[in-house]
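Chain naming follows the written order as A, B and C, and within any one chain the residues start at number 1.
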Amino acid sequence: MSLDTSSTPLSFRRPSGLRTVKNGAAWVYVSLAAVLTVIPLVWILYTVISQGYRLVLNSNWWLQSQRGITPRREGGGAYHAIIGTVEIGLICALIAVPLGILGAILLIEYARGSKAARAVSFAVDILSGLPSIVAALFIYALFITVFGFGRSVIAVSCALTLLMLPVVLRSTEEMLKLVPDSLREASYALGVPCWKTILHVVIPTAFSGISTGVVLGLARVMGETAPLLILVSYAVGINFSPTSATMGALPTMINSGRDQAPTLPGYERVWAAALTLILIVMLLNLLARGIARASKLKEK
Amino acid sequence: MSTRSPVPQVTSHPARPRPAAPQPTGHGVQLAEISQAGDRTFRFLAGGSGVLIIALVAFVGIFLLALALPSLLQDRDNFLFSRSWTVVGDELRFGIAGLLWTTVLSSVVAMIIAVPVAIGVALFLTQYLPRRFSGPLSFVIDLLAAVPSIIFGLWGLTVLGPFLRPVGLWVSGHLGFIPLFRAEIDPSSSVFVASVVLAIMILPIITAISRDVFTQTPRDQIEAALALGATRWEVIRSAVLPYGRSGVVSASMLGLGRALGETVAVLIILSQAAPGSAFTPSIFAGGETFASKIANNASEFDTPSKTGAFIAAGLVLFVVTFVVNALARIVATRGTARS
Amino acid sequence: MAKRIDVSNVDIYYGAFHAVQDVSMTVEPRTVTAFIGPSGCGKSTLLRTLNRMHEVIPGAHVKGRVQLDGTDLYGAGVDPVAVRRVVGMVFQRPNPFPSMSIYDNVAAGLRLNGVKNKGVLNEAVERSLVAANLWNEVKDRLGKAGIGLSGGQQQRLCIARAIAVEPQVLLMDEPCSALDPISTLAIEDLIGELKEQFTVVIVTHNMQQAARVSDQTAFFNLAAQGKPGKLIEIGSTETIFSNPTQKATEDYITGRFG
């Protein structure tokens, strides 16, 4: 049984030739772009791992400093630089995290939408675009030229605080925005004052998102080099003092050794330091992602 | 009168007998006294942090300007148009023309390379890949953003530079008659390689923002295009790209801002031009950016006038990145206001 | 201990917008008063002025007097935090604190108000959960997350949380609108029991619910979109539903509009 409904039969074939070609070309283009983006990461990781893995696998790398080791000698480790990187990161977080969270609380809980909030938000925008070298120059100008202090670990941490602060503040702000107003009202309705509501209801609800931001901010500042170059001198020995003018850190360990001949043992240590730094930063990123995922699972 | 059902009879709900004697509710739980001290303290802390943040930003400008000014006043050259940098001795002669050119050239070239790729990846992530693959790929791209810049520099100097050398030689060999492509130095440590590395560094930033904008394309616009029989590319061109345009422009500007201020990768890769050499616009030349110049001389901040000269360069960098970032935000807010 | 509420000549504004105009009413202790009316008529807004919850929205303000056993809630020197300790509230959607367990949710109001004694807390948690008809369902899993409960259980948890701080008045803003019929029934039964201890004011869209649970009903209406809402009629629930004096009330409860 056939019914002719139309003189021209319906056609569900592919669109005309040119349109198909364009569609295909677009597909090729976007896939190529994706491949082009992934290549550098793989390439960098390959380079760093292949050149640095040998030393990193050796336990001495994690336990010894470079004291008394010349570029021509084998041995020594990155312990002094790891201490420096971690210590600088922690001091920086100690300042940036409370300040960032309080700033976000101001923007969302106390001054939402007000002129004051817009002014603070504008300042944070400027900070988030601030080049690290300018942050370093500012701290140099303030600490060293104006106050007359010397270079120090604390100075570096303060410069890095300027870079970490916007990361923590913005991510906290986003998280506080996601906390529904009904929870705040539920708490007010129990006769709980505003500040206790923020501290015991709002912040715990947003906690995982806030810690993700903190960890990502930490990863960013631990990899920064420019402020280290300006505000502290590289030292090969182990040193814990935050007021010291010299301290090792992984980025400056890389920077101070990068000019030597590739045949020297010291050159391999540069790559091993690079690998160590990448490992720390990537671990922090994975941690941040883990926290974010865990909290999503809990919500389900 | 209406023909609808009349007022319903109230179903006399089962009587819940009121207790004869009211039961006391007070169980003697003693709540703490209400005090406004906590709220005041907290509000003060939050407000204080806001003031501090604004003050910090203001101080960045004020201090840089205050310390740069004496040197700027002593400068015998034109600060904006001179290419010389003599900051030792009695007579200061310095200007930012050379730094500005190298900074802007390297960053703009980086943006030109990065933007088309970033748009492609963002489209791939949002319009082509299924969700369960786009998540992991996004994370991989975010990891690229996490690689410290010194490692980009090291890799650019030792691996990418030599790899791109033949490309640079070929381009300068064939297009060298254009000043922009004139061969000046070994291309592996030229602005060209620095730009490629900067492009890789800003690629994840531009991709992430473009991706977010593209995912927000209204579903109905996409479906309207599909209902007209559009191919996937036609959907992208007619719905996704127009919707995301301002977001992509804003993302590119933010990437540009990041490239302008990048320090250590450029410092490592780019070889400095010989002092006193003639100006060249070429991307196959060496040079210094604001940031690399400052970092390169960090150990020599000994006299106030010398330091002031470098701080003046930092101030210009601050202003330039501020303008670029501000433009990015203006474009972004205009875009959201329109849609 | 339940309190009497006197509302006299209250006008409520959101910034320049006049939301509710000239409302006066009295709510007797240990009764259930239902607010009914079409959407946007200001019944929830009025409810939120009874514990000064209204003012957490920027720009909102109130004229007139709301008295609780003769004390003006909007008088000079009255701390809204103190008001809310006496006048508790249950919201439209169940909103247990997601970061807290069932136990911690109920104890939250006491703990955050400085009660630390374990024994007192345990006793208050059990008493409140029993009063909210939830104790038997959760007594074995008090440490589990509050958001793991079903919608109806969550709402009863929120009621337990509200009554744990021993308020005098309980405000309920459409407490059943997000719940299924069985959970709704459970809450309605609970309201009947709660009025033995508390003064209850409930906003509802569901007229059968108003008829079932309340002793007194207030009907609100607005002349047009953008005009302020007004109290049209208030009286015993029997009267309002069987013999309203106003035409608008009759139209509304017979389902002719709204």
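We adopt the following convention: a residue touches a chain if its C-beta (ideal position, glycine included) is under 8 Å from a C-beta of that chain, and two chains touch if they have at least 3 such contacts.
These numbers come from a predicted model, not from an experiment.
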| item | value |
| --- | --- |
| Most distant chain from chain A by Cα centroid | C |
| Among all chain pairs, the one with the most C-beta contacts | A-B |
| Distance between the centres, which are taken as Cα means, of chain C and chain B, whole angstrom | 49 |
| Approximate Å spacing (C-alpha centroids) for the pair chain A, chain B | 14 |
| Set of chain A residues in contact with two or more other chains | 191, 193, 196 |
| Shared interface positions of chain C, touching two or more other chains | 81-82, 85, 113, 165 |
| Residues of chain B whose C-beta touches two or more other chains | 31, 34, 36 |
| Chain B contact footprint on chain C (complex, rising order) | 1-2, 30, 79, 81-82, 85, 110, 113-115, 120, 123-124, 127, 165-166, 168, 192-193, 195-198, 211-213, 237-238, 241-244, 250, 253-256 |
| Chain A contact footprint on chain B (complex, rising order) | 31, 34, 36, 38-39, 41-43, 45-50, 52-54, 56-57, 59-60, 63-64, 66-67, 116-121, 123-125, 127-128, 137, 139-144, 146-152, 154-155, 157-159, 200, 203-204, 207, 229, 231-234, 236, 254, 257-258, 260-264, 268, 290-291, 294-295, 298, 301, 304, 307, 310-311, 314, 317-318, 321-322, 324-326, 329 |
| Touching residues on chain C, where the partner in the complex is chain A | 51, 53, 56, 58, 80-82, 84-86, 88-89, 91, 93, 95, 97-100, 108-109, 112-113, 145, 158, 161-162, 165 |
| Chain A residues within the chain C interface of the complex | 112-113, 180-193, 196-197, 200-201, 204-205, 207, 298-299 |
| Interfacial residue positions of chain B with respect to chain C in the complex | 2, 4-13, 16, 18-19, 22-27, 29-34, 36 |
